[in-house]
Amino acid sequence: MASVQVSVIGSGVENEERAEEVGRLLGERGVTVVTGGRCEVMAAAARGAKSAGGTTIGILPGETREGANAWNDHVVVTGIGHARNLAVVASGDAVIVVGGRYGTLAEIGLALTLRRPVVVLEPGWEVEGTIRAETPEQAVELALGAVAA
Amino acid sequence: MASVQVSVIGSGVENEERAEEVGRLLGERGVTVVTGGRCEVMAAAARGAKSAGGTTIGILPGETREGANAWNDHVVVTGIGHARNLAVVASGDAVIVVGGRYGTLAEIGLALTLRRPVVVLEPGWEVEGTIRAETPEQAVELALGAVAA
Amino acid sequence: MASVQVSVIGSGVENEERAEEVGRLLGERGVTVVTGGRCEVMAAAARGAKSAGGTTIGILPGETREGANAWNDHVVVTGIGHARNLAVVASGDAVIVVGGRYGTLAEIGLALTLRRPVVVLEPGWEVEGTIRAETPEQAVELALGAVAA
Amino acid sequence: MASVQVSVIGSGVENEERAEEVGRLLGERGVTVVTGGRCEVMAAAARGAKSAGGTTIGILPGETREGANAWNDHVVVTGIGHARNLAVVASGDAVIVVGGRYGTLAEIGLALTLRRPVVVLEPGWEVEGTIRAETPEQAVELALGAVAA
């Protein structure tokens, strides 16, 4: 049986440090980290998870592994472009948001549509129905608490 | 060559009247109205377009025409569930938002990712980068102005 | 209510003439022709439909109208690459195949999975469960007969 | 970096034994086994891989883990129905086919479109461009040989 999976979404170089810490904390807890498989927040979260001995899955938009970061243990090559955002959030038992622009907003909307718990690490997109966290530790605790609930 | 297409997105019974007016105004101008093909705002926008002799396309999430409203001239049966939201907004040269919940938020995020002009009829989701309109007339004018630009 | 829609799929310059005839016959009967919206068989089928005053829809793989042929009355921009093949066949009440390579084979498989009647204009992919036609006239008759059944 | 991944596709209770052997041989070689995540051939291939200490990924069609078999180490919840077939084959560096009906035929077509090597374990769908294997051992050897090439 597949273990608990948490999707980490977002973007922005300025958010990499916090995303790496989120990934590390998830990896320490034995939670598989799911991302969009590419750069910035996605790469940082996966790197953090690997630094803690965790497992990572990258769900890519293209038809090949092109653009995949080096910290994906497994890659899913979807070939469906931005529609892969749906798979990224649907594959998480919960979703943690670290920064991000419009693609991330779309993912938040899709995640809430599918009734996934969505934890936003402040500062971030303000959307009714999301859970707010002040620190990476709190984001991971709130996400895992929501999964257990 | 395909003519100008504007996608009308949103939901909520309370928004049907305004959506119908948006559809009517688009239909009058010879603009094809694209929607998600189902109920509430989608049906109202299509009904409005038909009342003005316009053309409508409904892009459905399921594998059959089930759930399609009666005002779709043409239906696209995608079979890809919520991922069809990408096709709904990508198929519009501009997007007009009338109410809506999380699915609509996802569509706004996807539309902005693809650099489609997004006009939100107030009151509605507040997202940086969207164009705000006070009335259906203004929404249609702003959307068509953005297409022409 | 959307009228009858038939999807015409395939590829190959050598098949354009027959595809155009299929499109023309469908257009004459008031059937909306759905294609993948691009070149060769897709363009020819749409051109044939337009020559008979019919209506055409092109379901495109990319995120813009790029690559669309000139005979699409309406375009659906899916942004999902080859996964748009599912939408192309699902949107037809029946599917007519004119030539084609691997993408067409995938579409035949998807169409049969969704229980759409699939008429192959000989010579073409030989797949159990498809209906075989010798001429464009026969292909259109068999397809429309299968829809009515 | 993600290791070599091979997708095993097909269906049919009568093919489970051979699919399990294919999975076992892939798992022994440290190759990650990708499947559609559900029953019959998909479950058997994953079960075989797990019996050899391998790693498995199941790419599911629905919006939840519903229908997932017990041998998926990781699940990807795509929410895109049959369009997930594209992700299943695209995620394999090579594809091995064990039995199967129309969904499998669609996957073969998609895999060949994306230029993935496709090995069909006899007896199976006869499609030009596929590599034919007589035994599970041969199928795995041919698939891995094609990846290395």
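In order of appearance the chains are A, B, C and D, and numbering begins at 1 in each one.
Rule of thumb we're sticking to: contacts are C-beta pairs under 8 Å (C-beta built on N, C-alpha and C of every residue); 3 or more make two chains touch, one makes a residue touch a chain.
Since the model is a prediction, treat every value here as computed from it, not as a measurement.
Chemist: What chains touch chain A and also chain D?
Modeler: In this structure, the chains that contact chain D and also chain A are B, C.
Chemist: Go through A-C and C-D and name the pair with more C-beta contacts between its chains.
Modeler: C-D
Chemist: What pair in A-D, C-D or B-C shares over half of its contact pairs, by residue number, with A-B?
Modeler: C-D
Chemist: With chain centres taken as the means of their Cα atoms, state the distance from chain C to chain D in Å.
Modeler: Chain centroid spacing, chain C to chain D, equals 30 Å.
Chemist: Between chain A and chain C, what is the separation of their C-alpha centroids in Å?
Modeler: Roughly 39 Å, centre to centre.
Chemist: Do you know which chain B residues sit against two or more other chains?
Modeler: 63, 79-83, 86, 114, in rising order.
Chemist: What does chain C use to touch chain A in their complex?
Modeler: 63, 79-83
Chemist: Can you name the residues of chain C that touch chain D in the complex?
Modeler: Answer in residue numbers: 80-83, 85-86, 101-110, 112-114, 127, 129.
Chemist: Which of the residues in chain B come into contact with chain C in the complex?
Modeler: Against chain C, the touching part of chain B is residues 1-3, 5, 32, 34, 55, 57-59, 63-65, 68, 70, 72-80, 83, 86-87, 90-91, 114.
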